[in-house]
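Look for chain A in each of the two complexes below; its partner is chain B in the first and chain C in the second.
Up next is the complex of A and B:
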């Protein structure tokens, strides 16, 4: 097919893409008036967390089993900065993101020395080490966590104790994070990540410094996971050990797997499903761990493309995407 | 009282014994992980859950069937091993053609489901399991007092590790296993039933975890969470040792157990994380692991 023949199709799919984004924005604007706002904010935080995780798994092909360290770690840093140092929320979030990036740099530096399955085990072990650190360190208050974190005034002006102001803040953070992820994946940098995922040796032979690209992707993913965790700490006004535990690392993997690895909105859909399911199960006494475990097994056995991946694989989905999904 | 580096000798030896016991379990579990990984190329995240299952089967056998420790030592690994073989047949065997990460994810889900179910039924609190009659009491070794059961665990786990190593290195079955690890297609062409071998190997690995669980039951309490606490440490052990050699996995297990014990004496705050710190240092100096071949 020539370029000229391709052009209209590409234009149509671009139009559809804009329409999809518009629908998403309208949903985002209407949601707090239809659903309990705290729930939507929780969902957005987890959606951003999963999208950040997917940046690493879906585009660089690296399975991190320790992303809770960045999510929960940033929550601790932000909570401490806002509560003990009296910083404004946006500075507090920045502290959290900086902390998560530093942590990501340290963990990534060690983990990229091994590949595949070892990479997963190393990130898991290092995150567990961070968990024990949080359990014993003074500033995290051990089992109690940091409670009563003030939401404060954004830029010293906007009172985030107003539910709608808080929601707006979370929505803007979420959108900014998603745009950043989209930009990263569509950039030449993102293309190189994909080439490393597809064939690491060939990428090396082409003169790409595979290690530094992997590390950069790891730090970016950690920073964005940190952004999600820092925001969550402000929404719920606490930071606890739950967010740094290995179960949380597993949960974000499930969200991504369930929604569709390597797709832009897959992790968002996955996060929505898992968060809604947990909310529902919280009212019964049935333990969510069992459901999550079974969902994991089913996804791996029969549903590896995830909800969005399966949709895109249908004829309707292919038309919507306007091209073969990679 | 004799002092070593400002620490009473008794306390030092006591913690070293605890380290040796923990090391025995690390060794047994990383042995099973290494066997499974060697042939199936799957990291068995459910290994901790299978260890917990072994302890629980022993507990349930005693509570409902009146079968004591010695019976459980044979029956529990058998039950856990059979359950493992069933899982391999039904699910894992469908994942061999995919990225090995899917095996890790599947067994992770399996571990969550098993642990969640046991927590639902038995709660998070531990159940005590009595030391068998024949191994109660302690003996005085002159320099320290050794509880008989702990001595038994150290000796038995060493014996199991050596026996497994011999079985793999010296028997015909072991030769098949090693050959299938190197080149499954060729071994299949020689008329060996490789799928059956895979099922058997996963069952064997699970049975080893179950056996470790029975041995652990009288020392630690029988609790649904006992497996997830230990499996992450064992992963670090496996990263340090490298999964290339079975002997390497075993030696690293004992070694890191002893390091953990020593840390408890000299700097107790760090005893939880010392193994992870050692892992980080090994990664910096020798990324392939102490006994690993470079990939």
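Up next is the complex of A and C:
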């Protein structure tokens, strides 16, 4: 996860161009008419999850191995709030995000005291503790999970049981999340994060309280991961242990690395690849885990910067990103 | 500051500084006083504990014993980022830049916090543009203007050191600790950096570790010789260079 892999993050992506964003928006608008909408919504949730994870790994240089706790935790909180308390979906999502942020604060507070692999191990350990909590707690209904979560009426008006309305809601949440991540990474705060990622001791010697910035980034990442998880709970109308398990934490790492860390679009592409593979292989005899494992190995061996990272490293990609020789 | 003359105000000082690592004492009973407007050199053979003293003074290491004061305030138990905010800036022996940030961004990062532009995560990057003028001034001072938009990783070793000095100066520190600022530099670069150090020291206290004795003789008002973690001699260059023990330490233990 060192220099070569992080190089694209330094990309001054000012001139990436409105064109690319326009293409993305058109794809987003057309997708539900071409592909099964539930699949696209699932993809968008995972894409946002991976982008939130990448905020921490790609821009702050922190590898969390426990992000499923925030994703799956928010799913439980939202599902409970909507089903048991009868909240409207937007308030339910807010409850999920608030819960994930609180969890992120607790986990981050303990984890930022250590670096590298120890940081990852602490996040993993705490996430496993949370998994156990979800297994035992009453409101999560153990192995069954929370089933039959009503989608409800957005702001009490828009019926989210209409597939297109639900899709619109998910698309807006996704876009809002991506805009937030873009704003955070391309801000004065984002610049300080990059400096910490590049050289933590040097940042400290410049009077930067490294710990506070890491914790802030951790909570933001947890909140956005929670936003993704909360939305997913409404899409599928359930919250289960799958989303808080360590496999989910591993999956988001895989998505991010496969797509390319430290880029805006990398995690989205990575999530699309993994979700699509899982979806289409699920019906074949070929076990998806093997295919994804092979894809991951290829990525590590042959294109370490990830799909998007490698693309941006080509001459064509450099021009696209507007950071050729100047 | 009304008084400008060497020997005026004490900016950074330590008494009885000691650091024990498992099984051995790296630094023992070190007293130092850095004065406003003075350049103080710390010399000594490899392994004498110079960098350890740096790390202790800047609080990257916690002393086992002793007391450190900065501008009259006790900083013995203060965190390294806090002492940096109080006006104690340092450079590192191994070049410390932010490799994937541009030269401009490297210096600007140091300017962000003092200008209250460090934690705004809701503002665009262009909010930092108002720091560019000051950053460019510092970059020009160390002769890196032509490379301002290049990633720091692309610079030659000597120019990285120059960038590091510009970044350190961006903090406008009261005390400046430079760990071998001229190591690995060519002749001309040494002259450039010497001139910069002399210039900035007029309004600051400077402590530098330096192996090049010619630089020390030219630049420094006071010299402290460290050997096996203890102060051997301290005084002006002429006094120190005449000292028999220093000659023995340097010639006899040169390969230490």
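Here, the second predicted complex is superposed on the first by the 306 of 326 C-alpha atoms of A that agree within 3 Å, B and C clash if a C-alpha of one lies under 4 Å from a C-alpha of the other, contacts with A are read in each partner's own complex, and residues count from 1 in each chain.
FYI, contacts are C-beta pairs under 8 Å (C-beta built on N, C-alpha and C of every residue); 3 or more make two chains touch, one makes a residue touch a chain.
If you're wondering where the values come from, they're calculated on a predicted model, not measured in any experiment.
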Chain B versus chain C as contact partner of A:148, first or second or both or neither: neither
Which of chain B and chain C A:205 touches, first, second, both or neither: second
Overlapping contact positions on chain A, where the chain C interface meets the chain B interface: none
Residues of chain B touching chain A in the complex: 43, 91, 94-95, 98, 100-102, 104-106, 108-117, 119-120, 228, 232-233, 235-236, 238-239, 269, 272-273, 276-277, 279-280, 283-284, 287, 295
Complex interface listing, chain A residues touching chain C: 3, 6-7, 9-10, 12, 183-184, 186-192, 194-195, 198-199, 201-210, 213, 216, 220, 326
Complex contact set, residues of chain C against chain A: 58, 60, 79-82, 84-85, 89-90, 92, 96-102, 105, 108-110, 112-114, 117-125, 127-128, 149, 151, 153, 167, 171
Interfacial residue positions of chain A with respect to chain B in the complex: 63, 110, 113-118, 120-122, 124-126, 128-129, 132-133, 135-136, 246-247, 250, 253, 257, 286-290, 292-297, 299-301, 304
